[in-house]
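Input: structures, listed below.
Okay, so chain A shows up in both of these, paired with chain B first and chain C after.
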Partner chain A sequence: MSTNAADTTAIAGAPNHGKRFLTIWIVASVIATPLVAIFLGDLLPPGDASAQATQQVFDNSWLLTISTPIFLFVLILLLYTVFSFRARTTELVDGPPMRGNARIQLLWMIITPAVVLFLAGFGTYELWQSGAGGGQGPNAAFLPAGYKQALDVQVIGQQWAFTYRYPTYGGVETPHLVLPARTLVRLHVTSLDAVHSFWAYQLGVKADANPGVDNVAYVQTKGPEAFDIHCAELCGLWHGYMFDTGHVVASAQFASWIKQQQSYFAPVMKYLPKYSTSYLPDPQRRAG
Partner chain B sequence: MSALAVETRAPVWRRLIGFNLLTAILLGIGGWYFGWWAAHQITGPSIDYFGDTDQNDIALFMGYFVGLLGFLIGLGFGVYPWARLRGYPPSLREKETGGTARYWGLCTDHKVVGIQYLWGIGLFFFIGGLNAMLIRTELLSPTHHVFPAGNYLTLVGMHGTMMMGMFTSGILGPFANYLVPLMIGARRMAFPRIEALTFWLLMAAGTILTTTIFFGGFPTGWTGYQPLNDQANMGMDSYIVFFALVGISMCLLGLNMIATIVTMRAPGLTWSRLPIFCWGVISTAILMVLAAPVLVAVLLMSMLDRTAQTSFFLSAAGGSQYLYENLFWIFGHPEVYILALPGFAIVLELLPVFSRKPLWGYRLAVAGLLGVTLLSWLVWQHHIFVSGINSDLRPFYMLSTELISIPTGFTFICGLMTLWRGNLRFPVPMLFCLAWFFNFLIGGLSGVFLSDVPSDVTTHGSFFSMAHFHYTIMGALVFTFFAAIYYWVPKMTGYMLNERLGKIHFWLMFVAFNSTFGPLFAAGFLGQPRRVVTYQSNLHFINVWVSISAFVLGFSLLIFLANFVWSLVFAKVPAPPNPWGSRSLEWQLPSPVPVHNFDRIPHITSDPYDYGDARGPIAMPAPTGAGGME
Partner chain C sequence: MTGRLGLKIAGVLAAVAVGGILIGFYIGGWVQPGITPYNPVAQTTTAKPTVNLTLQTVAAVGPTLSPNPDWVSYLVRDDGRWKRSTIFTLPAHALVHVTIYNFDGASGLRNPILGRPTGLVGPEIVDGKPITVMPPDEPSHTFAVPQLGIVVPVAPVGDDAKNQCGYAPCAMSMAHRTIEFTFRTGKPGKYRWQCFVPCAAGFVDGFGGPMQTIGYMDGFLNVV
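Right after this comes the complex of A and B.
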């Protein structure tokens, strides 16, 4: 087509901008990408308090690394055009009538889907490994190895606090979340009123707490550590105050702690509803 | 002509009686009180599902509905249907003469409606921005210290709802209404009365949302999630009516745009010669027409839950909050592209003018816009990745979400290659377009983290996602909105905006914007959830930094306001008909554009981008003479 002809005639005599830009981009990417991967990758959240959290850090650092050359491509191309092709005169002079370039368009239509498909495949594979700490509903599709032996812990969201029940320990309900170290835990997240979202930041767990729904998330704890708990879904007036600190402790310490909780809450156990994966809330009154 | 007008001019008191804005406001307020009173006669205060409160939601809804009816009748929207019922002949135009008075009421001239939209949306944009300033004031300290928690949530909700609701028409309202007929060589929009109706519905909606402060505000943010929605105070009803009216306005606006572009193009304006801005408008309009009814439906269901004791969303009574979340995001994700696509289109429309080159890869750019339009229907569940619904479908939504970056990438490559080897000039509109590349690039790349399920587990519902959508909406849409203002306001008003103040506005806004929202990615990564009134003390420094940057950002908008008022009211530097040297059809008309746009409908001979081709003018200027139709 005539556009390509016009393209080549205009190039003659001028510096080869295409080659120059590609060189700058490749050099910048080759330098920046490993630096990002090495120095920024490990700074990314949420840390390594659980297997899922470690996996998310890996995911985040990969995504950041892949993003680096893409970011540089657009940024350098933009800056290159702005600095190289500024108008030299004040009167309006038309540029070359380039209306497209089949080769570049085709190349772009091959490369971008390839990157996208790789990203989607990568994310799916990572999700497949262990469920990645996200809430998966009552029938979790992505299960970590050994999920049958997981310790069940129920997280109950209500305005504006989380409480926790341990069905394997008589269904005792406590206001503190304590988990044994190096254990696979199956969190059953549910709510008694509005939608909350249970976010154990360092553990890499986030699962919405819906009334009437058993939202399951798996987490494989590591060594003893304290972790932050937030509500991550706007749930009304005191949403901003719905935070807490949880603890991962050594197994022996956990055993003695749960025994202590059982005896402490024994007098009120008869007032608790029987343990269930979800509780139908009573009709509510209006609140803020 | 003008002497005659002065002679026959009635005294002021006489001109205030009739169908005008004053009557509309009086009938609106009167209607509100009537509806409120009448509903109190038929229903007791405690009919709502949650038992005994002193709140009468039915009365508030009735107040809003009757008030709205009064407002529209007062503006004169009933006059024409009534005249037709009595057998008067049809007409397409209403109240199109009469100087500045046209701007204060029902007027079917698309240029008047465009300017009404610009001022109306601008007003609510500044109210929404003020809310943001108050939010950032509260977040100067990790504990809550300025506002009570409930008021804070109302501010958050009003900021989000105002921006997402009013600004959905932010480009299509002012610019598409004004420019589409000029770009396609038409004298009017397809449905001029509906066009006026969309504007006044939006203004009524904005007022209704603002009145939420009289009824206790609402705690849900702009998403209005159930069952918190059912549980909330009466102020929630304002949100419901507001968004439903916005939905209706949006749907009608979109229909009007599609009908106009499909049926009213001038001879010779084939689809492959259509300006890319019109392609952006028609893509957005398709999304509006299909998405808005879902929003209206979900809000009507919420209204019934709150008033008529239905239980669509109450799990205790057999409903499901998932229904709300799905329906809301089936609307809500296309909504995001309703906001983004006009921005793409403006960038692609302006770059050829300022690089003196044809739009590179026109067909690829169109494919990009239409591809986003199609794909945006298939991604909504990425908003509820951790909600526990469809855990096995998450890989699909991850894929479909990431696929959107392919058509978006088309826009990028077309824009960048249009710049390539051009003769670039950098007036203010061009600067805003270039900033779009930078901002939307960051917005898009951060979106990859949110679309990837394992990463989303951390970033979902945190300040990371908040920073992400501010980059895509404020960084993309609002920046292109300002590009459009600096570029087209000379055409609309006949006066240039001050270039130096414009540059100060741009640079301050660009730096402050990035300094505000860039660090919020870090705040989200470090564990700050959205919409909180308190945060961890280790995030104090970031939040103070962000708040100060946000105040600078607010100040940069005041510079814009000063520039706008100074240039249009005091300086009044007359704009030449074509200050940018554009080849597009709208710039071949005088500034401001005469009432009937074209003396004769032009014949289009090429697309508006043939820079460097020396093919002659875009349209054969018709010989002067009598106008055609109407």
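Right after this comes the complex of A and C.
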């Protein structure tokens, strides 16, 4: 079997498809890639309500920019092939002889793993910064600067609502999530029944809520802003309705709000279990 | 040959389509088995419309009202008769006066925070007395509309109460508790409501069957 590159283009009078395709692809990539990076990058989710969200936008823009020439390669190759190698007559004839091309195959084997390994390295480095807003389990490995002073907030999932506990404020539990602006928050995500997933979209936080597990996620809030909260794990009949709106508010407003919550929920405080990193009040089974 | 292949493909596509439709009908029927909405008449003599909603909660819905006679359920009083529906059509920005007659015993809350009535206009009244909290071991059920911030724990019938109800609908002469409260509906929309107490006896952790099926312990407020 021959592996000479010239063999595949040895048909007399035929255009050099490889060169032509590469020219089109390079021109298209040189034009499209900067346009995508400049105009689409900042429009990507999830926004900039937290340092983690901003970091995710940066990651997403990079990934989109890198994938633009790859996408164009596949698309142009497909269109070029469909157009250039279409059957021009209804007559049944043999196609040109096709042989392997060691140079192309070698390039393919080098470029593909290189792209994948680069993305793996890039993703790992970005994750290393502060956990990228993801749940890290009970012993978080990726710690942001100043994590020891972070405000602890427990997120409790149950069928079908999230509630929130503030251990720094006497363990008061509330049905809505309010966070102070420009504060590092350590979320302890857990569940008291099925598996849920706490997803604060604009904050760039997503962490599974498992019964008996303390899933820690860090988020550095920015200015006052509202954000959407959803459950991202199919958890039963009302999973689709398990949503709420959270708020990042100014510190003074947060202090006033938490005081109000402490006062309103004072009658029920004596029935709440002592604060713990998981939330499984006794008895753990009821009518089942 | 090509014709036969085409027929085969058409046959497979038709089978997939029919299968999909049947599965859709099955799931639709399972989730919402023959539930017709309850449309109470609103009183509009005052500036804001007011509506009365009268419910009962029962430990076993009985064979006359459900194909699942042993399931726990809410019922609504419609034109003097008890009906199994959990879809209520209510006017927007209306005051809704709710009375729940509970004929069921205690199951208890998984999360004690839900023992604190919230989101109401005025207090929750249990047997004529206002309450600010219900201990977590007590509630039979809750009436909760999370999107409106409403949580109402429902007080239980004591285990030693005489003349307890078997199958619903339960007569008012049987042992029951009376829970009254008022809430405001707000803007038009579709709001789900649910019971937070894992009260489905016979199901894993009390959270299967009637807790996962509209028409028993879950429903909608269609605010129009």
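Definition applied: the second predicted complex is superposed on the first by the 270 of 288 C-alpha atoms of A that agree within 3 Å, B and C clash if a C-alpha of one lies under 4 Å from a C-alpha of the other, contacts with A are read in each partner's own complex, and residues count from 1 in each chain.
In this text, a residue touches a chain if its C-beta (ideal position, glycine included) is under 8 Å from a C-beta of that chain, and two chains touch if they have at least 3 such contacts.
The model shown is predicted, which means the values in this text are computed figures rather than measured ones.
Peer 1: Have a look at chain B and chain C on chain A after the superposition and call it: clash or fit.
Peer 2: clash
Peer 1: Which partner does A:Y241 contact after superposing on A: first (chain B), second (chain C), both, neither?
Peer 2: both
Peer 1: Is A:P138 touching anything from chain B or chain C once the two structures are fitted on A? First, second, both or neither.
Peer 2: A:P138 contacts chain B only, not chain C.
Peer 1: A:P34 in the overlay: touching chain B, chain C, both, or neither? Say first, second, both or neither.
Peer 2: Neither: A:P34 stays clear of chain B and chain C.
Peer 1: In the three-chain superposition, say which chain, chain B or chain C, touches more residues of chain A.
Peer 2: Greater contact footprint in residues on chain A: B.
Peer 1: Should A:D193 be classified as contacting the first partner (chain B), the second (chain C), both, or neither?
Peer 2: both
Peer 1: Let me test your reading of the model: by the given contact rule, A:G146 touches which partner, first (chain B), second (chain C), both or neither?
Peer 2: Neither partner.
Peer 1: Once the structures are superposed on A, label A:E173 by its partner contacts, choosing first (chain B), second (chain C), both or neither.
Peer 2: After superposition on chain A, A:E173 lies in contact with chain C alone.
Peer 1: Counting only touches as set out at the top, which of chain B and chain C does A:Q158 meet: first, second, both, neither?
Peer 2: After superposition on chain A, A:Q158 lies in contact with chain C alone.
Peer 1: Touching A:Y271, do we find chain B (first), chain C (second), both, or neither?
Peer 2: second
Peer 1: Given 5-13, 59-67 or 167-175, which one is the stretch of chain C whose C-alpha atoms run into chain B?
Peer 2: 5-13
Peer 1: Of the residues on chain A, which ones does chain B touch that chain C also touches?
Peer 2: Correct list for chain A: 193-194, 236-238, 241, 281, 283, 285-288.
Peer 1: Can you name the residues of chain A that touch chain B in the complex?
Peer 2: Checking each residue of chain A against chain B gives 10, 17, 44-46, 52, 55-56, 59-60, 63, 67, 70-71, 74-75, 77-78, 81-82, 85-88, 92-101, 104-105, 108-109, 112-113, 116-117, 119-120, 122-124, 126-127, 131-142, 189, 193-195, 197, 199, 201, 204-208, 210-216, 228, 230-241, 243, 280-288.
Peer 1: Quick check: in the complex, which residue numbers of chain A touch chain C?
Peer 2: The contact residues of chain A facing chain C are 156, 158-161, 163, 173, 175-176, 192-194, 236-238, 241, 244, 264-265, 267-268, 271-273, 279, 281, 283, 285-288.
Peer 1: Show which residues of chain C lie in contact with chain A when the two form their complex.
Peer 2: 31, 107-108, 110-113, 115-116, 118, 132-133, 135-136, 144, 146-147, 149, 151, 192, 194, 196-208, 211-214, 218
Peer 1: Spell out the residues on chain B that touch chain A in their complex, using ranges where they run on.
Peer 2: Checking each residue of chain B against chain A gives 48-53, 55, 144, 149-150, 152-153, 219-221, 223, 225-228, 231-233, 315-317, 320-322, 355-364, 384-392, 394-395, 398-399, 402-403, 405-406, 409-410, 412-413, 416-417, 419-426, 434, 437-438, 441-442, 445, 448-449, 451-458, 460-462, 525-527, 529-536, 581, 610-614.
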